[in-house]
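Heads up, there are several structures right after this.
Below are two complexes that have chain A in common, paired first with chain B and then with chain C.
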Partner chain A sequence: MEMKAVVSSTGLMLLFAWLSPSQALYFHIGETEKKCFIEEIPDETMVIGRYRTQLWDKQAGSFLPSTPGLGMHVEIKDPDAKIILSRQYGSDGRFTFTSHTPGEHQICLHSNSTKMALFTGGKLRVHLDIQVGEHTNNYPEIAAKDKLSELQLRVRQLLDQVEQIQKEQNYQRYREERFRMTSESTNQRVLWWSIAQTFILIITGIWQMRHLKSFFEAKKLV
Partner chain B sequence: MMRWSIEGLKVCVSCLSLCVCVISAFSQSLDGDFTFSLPAGRRECFFQTMKKDASLEIEYQVLDGASLDVDFYFQSPSGHVIANDYRKSDGVHAVETEEGDYMFCFDNTFSAVSEKVIFFELILDNVGDGEESEDWKAYVQGADLLDMKLEDIMDTINSVKSRLGKSLQIQALLRAFEARDRNLQESNYDRVNLWSCTNLMVMVIVSGVQVYLLRSLFDDKRKTRT
Partner chain C sequence: MLFWFLLLCVQLMLGWIRASELTFELPDNAKQCFYEDISIGTKCTLEFQVVTGGHYDVDCRLEDPDGTVLYKEMKKQYDSFTFTASRNGTFKFCFSNEFSTFTHKTVYFDFQVGDDPPLFPNENGVTALTQMESACVSIHEALKSVIDYQTHFRLRETQGRSRAEDLNTRVAFWSIGEAFILLVVSISQVLLLRSFFSDKKTTTTRVGS
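Moving on to the complex of A and B:
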């Protein structure tokens, strides 16, 4: 029994180590540059973002592992352009938020370096990983809290995945409805504007003719 | 005493195998999708570190922006150009990886005014993990009926998990297609409104100007006659 606990906890620790963003995407950012990412998510969905920064060291000719004192400012806007998170984090950071309205959320990152010297040589390398919905669940933690066996944990994970798919499908239905409304409204407007324009064209023509005719009659030309 | 140690060993090995199975299944395929906005006249590059003998697939789509197209450039760590698309609205490229950093760039320098919204999805398959789950099978002397049943259940669960993962990826793709069509339609709507209004005003103004000019011609002639 004891050995089982030891072995499973080692396994879980290894699992935890694997989940760190060692293979995340990275990109380069300049000093005053702001990079924004758009996430289109349904409501009540949790999003966790993790980033890691590295600075270009001219002398070493490579990227330093991590620079203390160099932070990133993270700003998150909801679909109504209202700011829901605006905070400064260190050189390695983790930010999280939960959406309350469905739609396009914007996640913006820019560096807050005040010391210009740090940036000579130009670039800061940022490793970024954004997890949405069921990917945010920390399974080792859940397993420990609810005392689940491996099989139960796997089944729980499958349930979460299916729930996420269902949420996405509901959201897709809502967006498709909006899309259909816009299409139908555009179609109608094309029709009505054309009819209105033809009508006004004819009216203007008639008015012009009548006005000029009465004008010429008044001037005794006809 | 001896029986207990053999029992203990069996339990230990099956737990370790389950743990390794869990680890390998969790890290089977790391992927993510990103949507970002590329300003006019800019080029943005992203990098992905890969190990040897895995597979990398990148799929991108332009969701919004005047002509819905962008240049795409994909380079391997050794500097070899894998793909160089010119003004495409969507594309997919898959490659068997070597060790190093792969670079891919989106280029909007051909456009002076229109900002593009680009969606891309990276699907990584770490083929190397297959060896890990093969390794532990050598240690399990699976003669016990219970162990075999558990193994079957785990296999089924793993296959269901990977299929659900694939469903989620396809959903992300469909979401991108729908977003693009919706953006297109909304810009159509705005365009119809704007130009219809403009048309109407131009017609009314032109007819007024015509009448005024005609009248002014005749007024002058009257004056010169008398």
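Moving on to the complex of A and C:
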């Protein structure tokens, strides 16, 4: 009996965990406007994004609580500009991805609705919440699943944080290497192009003088 | 046990007090505003940093539900502002790039509302923590600030690196362009000079005869 209650409560709990943010940050977006957010993350990092949209009701003069049939298209690009997720979601959505290459990932959202401007004056309110890395962990859920005591859960949280720091440090090393390679490349380019330009200058100078000399000799002016 | 789970569910429903961290691109002459509903007495922190673009500066403005400006700075590269919500309502903060004519800026901000949700539902701050638990709490806080510093360091490094990459492509582009211009100018100089002397030759022969 208690087991059944526990299971149903866990289910209920997980359901609530899935619910879109009701108190998250929000912003306004136009009808065909595309809003992009950049997440610079190390590899093998999980990102969970949740959004909720509300349509402006001109008659009521306020935002409707929720609008079925209104969708948002979510597109996620990896650092190599390759699309890793491109999907249509409803008016409330939850998207998740795990990065396989470290770097700047771009999360773009735009509305798929064209009838907004007709009914509503074209304003859409989007509540958005993006959680990265160890913030994606739901500790009460983990405690329930693995049956951890308070201290064990705290230590688990610390371990996750430290793992995130390690990943970030590793990513830092990779980026510093890229930076160094870019600087070396600039150095090489400046060096070789300066030499090349000086060479071209001298060669064209010599060519000019020789050509003109032979030209004047042909014209019998010299 | 059941009670604990139900309390957990309630906790989860109410517990959306968290930090929002976003990086977005602000086109030239554009303004982007974000809103958040905050209850009275909540301690909030807004931190922002310009990652790429121009002179790395942006205007920032934070207003409370009455429209009173709590924070206003022009052309700032990085800042952090802490305030306590004086009333319930929607707080608004805006980033403006309206002073710039052609550079887009990438802006990072971190808006923290309230404290982190506690790990356990029956933790109301009244129960005493054991030594181990308080040690864990202080380590957690210290690690949070480490992660925060890491983020700011990463943003500064991104700034430097994108400038370097920009410089790299620009050096190649302009060197090739200059070499090309050099060749074109020297050849056209010669051709122009030749054309002067071709005309002069007919006039000199006329004068001579």
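Quick notes on this structure:
The rule is simple: the second predicted complex is superposed on the first by the 194 of 222 C-alpha atoms of A that agree within 3 Å, B and C clash if a C-alpha of one lies under 4 Å from a C-alpha of the other, contacts with A are read in each partner's own complex, and residues count from 1 in each chain.
Keep in mind that, in the parts below, a residue touches a chain if its C-beta (ideal position, glycine included) is under 8 Å from a C-beta of that chain, and two chains touch if they have at least 3 such contacts.
Everything numeric in this text was worked out from a predicted model, so none of it was measured.
After superposition onto chain A, the modelled positions of chain B and chain C overlap sterically.
When the shared chain is aligned, no partner comes close enough to touch A:I83: not chain B, not chain C. In the superposed model, A:I202 lies in contact with neither chain B nor chain C.
By the touch criterion defined above, A:T186 lies against chain B and chain C together after alignment on the C-alpha atoms of chain A.
When the shared chain is aligned, no partner comes close enough to touch A:L159: not chain B, not chain C.
In the superposition on chain A, the residues of chain A contacted by chain B and by chain C overlap at 10, 12, 19, 23-28, 35-40, 129-131, 139, 150-151, 153-155, 157-158, 161-162, 164-165, 168-169, 172, 175-176, 178-179, 182-183, 185-186, 189-190, 193, 196-197, 200-201, 204-205, 207-208, 211-212, 215-216, 219, 221.
Interface of chain A with chain B (complex): residues 3-4, 7-8, 10-12, 14-15, 18-19, 23-28, 35-40, 129-131, 139, 150-151, 153-155, 157-158, 161-162, 164-165, 168-169, 172, 175-176, 178-179, 182-183, 185-186, 189-190, 193, 196-197, 200-201, 204-205, 207-208, 211-212, 215-216, 219, 221.
Within the complex, the chain C residues that touch chain A are 1-2, 5-6, 8-9, 11-13, 16-18, 20-25, 32-37, 106, 111, 119-121, 130, 132-133, 136-137, 139-140, 143-144, 146-147, 150, 153-154, 157-158, 160-161, 164-165, 167-168, 171-172, 175-176, 178-179, 182-183, 186-187, 189-190, 193-194, 197, 201.
By the touch criterion given at the top, residues 8, 11-12, 15-16, 18-23, 26-27, 30, 32, 34-37, 44-50, 117, 122, 124, 150, 153-154, 157, 160-161, 164-165, 167-168, 171, 174-175, 178-179, 181-182, 185-186, 188-189, 192-193, 196, 199-200, 203-204, 207, 210-211, 214-215, 218, 222 of chain B touch chain A in their complex. Interface residues of chain A facing chain C in the complex, by the touch rule stated above, are 2, 5-6, 9-10, 12-13, 16-17, 19, 21-28, 35-40, 128-132, 135, 139-140, 143-144, 150-151, 153-155, 157-158, 161-162, 164-165, 168-169, 171-172, 175-176, 178-179, 182-183, 185-186, 189-190, 193, 196-197, 200-201, 204-205, 207-208, 211-212, 215-216, 219, 221.
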